[in-house]
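One chain, chain A, appears in both complexes that follow, with chain B as partner in the first and chain C in the second.
Moving on, here comes the complex of A and B:
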């Protein structure tokens, strides 16, 4: 019955949905570079940044939305609302923030906000039309958080593009990411330097266009 | 001391998603590592993360979670359908799920067929001791050293 409902939704949804207004979500673990990528996209197409970035995890603790981003590539056009989400984690310890020189009071506030951010990011999963999963290519891709996010998107039938970010770093290993998620396209980029962004936009058209 | 509690799937199969998660978290909050037979549904896994975040406090910093799942990519389509049907009807009893408190498990390294559990160094979990406990621990350590 559920399958039949999904089929009907897909057929009729595609007929009446304005395909050009896609809600594009950036998901992934903390410090993977989601906001750096969001900033890169916004800089490329709007000439402005979206949010602040930091080396300390959980810098983005609220959902941030940039509306009406219009991208063009090889005669194709796509307009979407970009949703930058807080990093999804299974643990948050304020003492981790203390190591970065943060005051205890501020660290506790940050931890509290970060937990709320994770909850919001999960709640928003259902609202997405397409998701870009941003992974740090220098880190182990086999973390359960990554697998859980991908599995949930798969179960919800939401198209996914996986980005192996931080390819400018020596330790980056795109092959490991590809091995971990062989059923998806993985594009290696450096959001910070703008490396390989053309291929990224092409990949975006493929999954969301 | 590490306590590992095995939880057969039969103990959670009659529970709804919310109660399953509550059960798992209650064990983890007792500072035990749960070894669950099988795995939760995908939506239950995200719900577990969500509930964990809701319950984070001074004494509970979250969980480490890992699923080891025997997925045979060479299974024929019929076998895959059969396995899918059995899982849908009886729950997914294949593989294992490990859930532990973040105060005890530092990291779980996961390769397709292997899990490495890295625990906090002994004594390290008492990260945030009360002044009294801190002194007692220091005295104990001094006594042992002497």
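Moving on, here comes the complex of A and C:
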């Protein structure tokens, strides 16, 4: 329903105004797959990767930008600057990193940088034209982080596309994500395997195009 | 209301000269502590080692210090970010999303860093 409404808005909106460069932000909790999705998009359209991914949370601790990505689908074209943001969290504890074999000194630096990353990600929110919220479909979507991000985007009237990532995993449950955010369209993908990316790009065109 | 030096943990009463000129230890970064939180702030102050306090002070500057003038005293109040000890942070997303001034909290001691520039729009990609 939201997609249809956005489509109508865009069709009539574009009669008067043509956005040249959409700034597309990837937001979400840590380890949801934001950078994996950013890499997938960049691989699909630029043939190169954007950032490094890791099983340890908070791998992305600085805003990463890839400019001028041009995607095409069914005769339509969209150019945007892709902004990959650090994962947003309510608690960052260096001891969590120690479990992955990291040295205490490095873990504390990582925690500090991750904290700064959260502040930066939130600061950048107002700069976004469209936001893709990347959620881990194997996890409970009713978290404080998810609810706060979605609520704030809604309040700022920024178009949102929710991605239920990691659909290749057995525990993934897209229905749970859809039930948590019924006002939004939720697209299930596996950014890692490239599963369902066509539907993702179609959704992107509808929301941001 | 008392203020507490971030580096050495010394408490000063509201209006004390040190808050304006800097702590005797040389630090110019203070936590604003609510009266009802003074006791727990004192306890926390005892638990943290000197090195940990110094690290927290450094971390605060690393996090937002590029916006601060180190030569001027800064009082930290309210809480968007709580530093329990070096490497342990709790973030209040509701405060952060509201774009209120960045606020740091050490245990029950409260601190405010007002960085009007931090939320300035206009970044270009």
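As a convention for this text, the second predicted complex is superposed on the first by the 190 of 209 C-alpha atoms of A that agree within 3 Å, B and C clash if a C-alpha of one lies under 4 Å from a C-alpha of the other, contacts with A are read in each partner's own complex, and residues count from 1 in each chain.
Please note the rule applied: a contact is a pair of C-beta atoms (placed from the backbone, for glycine too) under 8 Å apart; a residue touches a chain by one contact, two chains touch by 3 or more.
Nothing here was measured: the structure is a model prediction, and the numbers come from that model.
The superposition on chain A brings chain B into a clash with chain C. When the two complexes are overlaid on their common chain A, residue A:92 makes contact with chain B and with chain C alike. Shared-chain residue A:142: touches chain B; no touch with chain C.
Looking at the shared chain after the overlay, A:67 reaches chain C, while chain B stays out of its contact range. Contacts of A:127 after superposition: chain C is touched, whereas chain B is not reached. In the superposed model, A:103 makes contact with neither chain B nor chain C. Looking at the shared chain after the overlay, A:83 reaches chain C, while chain B stays out of its contact range. Within the superposed three-chain model, A:111 lies in touch with chain B and with chain C [touch as defined at top].
Of the two partner chains placed around the shared chain by superposition, chain B and chain C are both touched by A:119. On chain A, the patch touched by chain B and the patch touched by chain C overlap at residues 88-93, 95, 111, 115-116, 118-119, 122-123, 125, 144-145, 148, 152. Of all residues in chain A, only 88-93, 95, 111, 115-116, 118-119, 122-123, 125, 140, 142-145, 147-149, 151-152, 154-155 touch chain B in the complex they form. Against chain C, the residues of chain A that register as touching in their complex are 23, 65, 67, 81, 83, 88-95, 104, 107-108, 111-112, 114-116, 118-119, 122-127, 144-145, 148, 152. Across the complex, chain A is touched by residues 42-43, 45-46, 49-50, 52-54, 56, 61-67, 102, 108-112, 127-128 of chain B.
Every residue of chain C that touches chain A in the complex is listed here, in rising order: 55, 59, 62-64, 81, 86-94, 96-97, 102, 118-119, 121, 123, 125.
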